[in-house]
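Both complexes below contain chain A, partnered by chain B and then by chain C.
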Partner chain A sequence: MKIFWSFTRQAFHNTVIYRFEFWLRLVSAFLWMYSIQWVWRTLYTQRPGAFGVSLEQMVTYGVLGMVLETFLDVGPEWYMATQVRSGAIDTDLMKPLDFHVHMLARSTGEMLFSLGVISIPALLIGYTLFDLQLPPDVSTGLLFGISLVLGYLVLFHLGFLLGSLALVTLDIRSISWAYYSLVSFFAGQMVPLWLFPQFLRVLAEALPFKSVYYIPMSIYIGTFTGAAALQAIAFQAVWAVVLLLISRWAWSRVRARLVVQGG
Partner chain B sequence: MVASPSATYPLAALSTIISMIHIEHLTKDYRRLVRKEGFLSSLRTLFSAEYTTIHAVNDITFHINEGELVGYIGPNGAGKSTTLKVLSGILVPTSGRVEVNGLVPHKDHNANARQIGAVFGQKTQLWWDVPVIESLRLLRDIYKVPEAQFKRNLSLFDDLLDLHEYQNTPVRQLSLGQRMRADMAAALLHNPRILFLDEPMIGVDVVAKDRLRTFIKEINRDQKVTVLFTTHDMGDIEKICSRIMIIDHGQIIYDGSLDQIRARYGTKRTLVVEFEGEVPDFEAPKAARVKSEGRKKWFAFNRFETSPSYLIAHISARFPIIDLTVEEPEIEEIVRTIYRGQAETSEAASP
Partner chain C sequence: MDTLRLYFKLIRISMQSRLQYRADFITGVIGVIVMNVVNLGLIGILVNRFVHLNGWTIWELVFLYCLWLLGHSIFSLFFWHIRTLDDYLVQGTFDQFLIRPISPFVQFLGREIQYYGFADVLFGVLGVSLAYANLGLQWDWTKWVFFILAIVSGTLIETTLTLMLACLAFWTGRSRRANSLLMQLNVMIQHYPVDIFGYTFRVIVTGLIPVAFMNYYPALMLLDKIDRSRDWWWLSYSSPVVALALVGITAGVWRLALTRYTSSGS
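Here is the complex of A and B:
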């Protein structure tokens, strides 16, 4: 467990050096939060009642989606791709640490750091400037927390699978763009799944991506309560386990046929 | 032709000799995609790909005992890095037996990783953006190095590598010499029994190189760390290695001591003579005049065909000499000859 904390400390030192990037990330989070709440407010003045939930709920959903992105977006895929390209992946593979655990520790360290340093300030901005609602009660808050952890695990493993692909194709830059659009769309980061057209909704409901934003945020604003919330969490848990197993399997396959670039 | 390692280094006899690296009939093949020219053809490779097999390492066998400092040399693409990767458990061998201090690297990966350290000249295991000391702290946690050992090693690195000078600087701001020293510290932080050095001196200046060599020699002597050292710099080999292995086209073509390689391949000598005055060109028996410059002349000869004393006697009988030297071939030249092809050298080498 200590290793997770070590990586968090490392992420801190990393970011202290890039102070400019830190401010950029905060400003960009602010702009996105501002834009999304403005879009929903405008839409609600045009057609109130057309979106299934109250304006306050929808604004909370949208703003929260932007806040969550500030710390969830720490997938291992870029690190893996960069290490493969530079050949430094050798030094990672030589460590007496399971590579999958290593990546999980690294990503989680960065995630915890971003959570503390960027997301909390972004959240405070959200509450003071954009009418972000608090969860209705403690148990909802707790369920949201559990759901968020599972969502993070799902996203991590999707990223890990993409990163593993980098070891086969040696470059994932083009695939990454498709992947990121896919995630943010099907995860319902900006637009909740209930507003999707029927055929897209069926697809989005079956895919694992909704675990990342849609489920935790629906629990937060209270559209998933009681049994529905538990069922959604079970869905996330199943996907987290399935993706973990696929990741371990895929990694062992990739590992076996590994050819390090520049070898 | 190939010096058998077991003949040169008898494993047996002394019970104090511990075999550290044990490689038998190791072969590692790579499959490379055959790339086709043209759009349609490259599109076709998406569906049916053709591969060629490359034997990066082809049936090599060697043993290294504890405390040896072995230079592992060979031209680019000869299979050096592949061997190191197999020994560190990164690559799985296609066939053959590999043991590092009793462990099979690709099976006991983590246990093996704890007993080896590695420095790559081309890549760093330190994290680019963080101060050196933070990378070392993270490595301490990854390798589970006890705090007392960590402190002891840091002060050792302070003494030998001047760690304090750059420990708070991010790696990307270090000079290459400092980076290599920092990487050396990172590789030895967990007190490995075996150290792999993969071309660690590339681009390092003379002074820094000298310090690194001294450091490597010291940890080899004081901590009994076994070192396998890949390099293109024959100076490294001459200054610190007790044994050298040469690999080419995936096969070990020489394995023995530096003196042996000299005795075996370094049969060419050059006699440089400076005369009192201008002297016409003349021939000496069993020697070739290779150069004439002012009052100096260079004569090349094979030390098995004639002796310097005979040659000197012959020349001084004809013209007065004021100075002379006998030049041995550089080890670099010897190695170049070995790379170029063993056939001709073996002819020249036989007395």
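Here is the complex of A and C:
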């Protein structure tokens, strides 16, 4: 646990230097929340029945999606890609710490930092300005918390796999554009899966991405309750474990053929 | 003229150095196309459910999206690296532009070419053509001229705003986040017609950070959606004027920023 905090502290120090960055991140979160709730409100006045849920639930879903992004998306892939490009990855491999554990600690440390410094203020803005609702009861809140942790683990391992790819391709910038838009789409970050047309819905339900946003947020607004919620959490847990195993396997494979450029 | 010739010479060198990475070009083009297909897919899902977005049908939205993309494509081909100006300042590599007897601005602009922009051009042309056919548009030559002007204005607007924000780095050291914020505004106005948002937002993207002139206002004109009974309807014709004004302001900001430069040393 100590090593997680050391990364949190480091992220904090980096941000204190660029205080301006903090404000810009907050403004950015504000803009996303602002825009998504306007889209849903305008669409609601157009066809109130088409949501399948109430306007409050829909706005909460949309705004929450933006708040979660402020801390979930820590992007271990960028750290890995940068280290590969500069050649500094060899110092990471020399550390007396398993690389996968190191990345998990680093990402989680940064995630906790963003959670405290950006997401909580963003959440407060959401509650006061954009009609973000609280979860209906405490047990829903707890389930949401568990689901969120699993969603984070799924996203971290997807990022780790993308980062491992950097060892093969040396650059992931161009692949990342397709990756981010596909993850956000199939995770239902902006538009929930229940609004998808049938064939896309079937696909999105089967893929692991919905673990990141759709499942935690559906639990939060109360469309997944009781057995459905537990089933969804089980789905997340299975994917988190599967992706963890794939990540460890993939890493051991690419590591064997690592080419370090520069010196 | 000499400056222009020099610029193209620099661009040719940059292109040669980039062409070393053939595989990256292919994944880049595929990446950009997947991203755009997914973005339009999201809009498609919403329209599928709600029939239209605040009065904009699916092909009108495709047009809005791709008009932005066309202006942006020229920006992303030639001017994308303006966002990275702060790296040059932090690392002290900006010095190299100042010690040569040529305009530092031209040297900086000619530094890089981002060929992923080709994918934006392709996608934009395809999208606008499909929208044109599906909306049954019949433009006369004035509209075609305005269309070209709108694209060029779009490029100039995005380039000047990016450069002005990048110049912040001369004062603050870093400007990447500020430019991400601009990109975010751009994504919003690219995806949704500005009239879907609240009044304050419309004022911001019209008067303060005028990105709405990249696609929303010219699209109103090109799609015959101008409502002349409303105040400010003439904004739909104003993109070229806005672009020129921004070029003037940016030239001033750049000159001022250069006087602020102190090398980070190394």
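Going forward, the second predicted complex is superposed on the first by the 262 of 263 C-alpha atoms of A that agree within 3 Å, B and C clash if a C-alpha of one lies under 4 Å from a C-alpha of the other, contacts with A are read in each partner's own complex, and residues count from 1 in each chain.
One rule holds in what follows: contacts are C-beta pairs under 8 Å (C-beta built on N, C-alpha and C of every residue); 3 or more make two chains touch, one makes a residue touch a chain.
Every value quoted in this text rests on a predicted model; they were computed, and no experiment measured them.
Shared-chain residue A:90: touches chain B; no touch with chain C.
Looking at the shared chain after the overlay, A:256 reaches chain B, while chain C stays out of its contact range.
By the touch criterion defined above, A:46 reaches chain C but does not reach chain B. Touch criterion not met for A:56: it reaches neither chain B nor chain C. In the superposition on chain A, A:7 makes contact with chain B only, not with chain C.
Between chain B and chain C, more residues of chain A are touched by C.
On chain A, the patch touched by chain B and the patch touched by chain C overlap at residues 18. The touching residues of chain C, counted against chain A in their complex, run 21, 23-24, 27-28, 30-32, 34-35, 38-39, 41-42, 45-46, 48-54, 116, 172-174, 177-178, 180-181, 184-185, 188, 192, 196-198, 201. The residues of chain B lying in touch with chain A in their complex are 30-31, 56, 81-82, 85, 88-92, 109-111, 113-114, 116, 118, 120, 122-125, 127, 129-131, 134, 137-138, 141-143, 170. Chain A meets chain B in the complex at residues 2-3, 6-7, 9-10, 13-14, 17-18, 86-88, 90-91, 93-98, 102, 256, 258-260, 262-263. On the side of chain A, the complex with chain C involves touching residues 18, 20-21, 24-25, 27-28, 31-32, 34-35, 38-39, 42-43, 46-47, 50, 169, 171, 173-178, 180-182, 184-185, 190-191, 195-197, 200.
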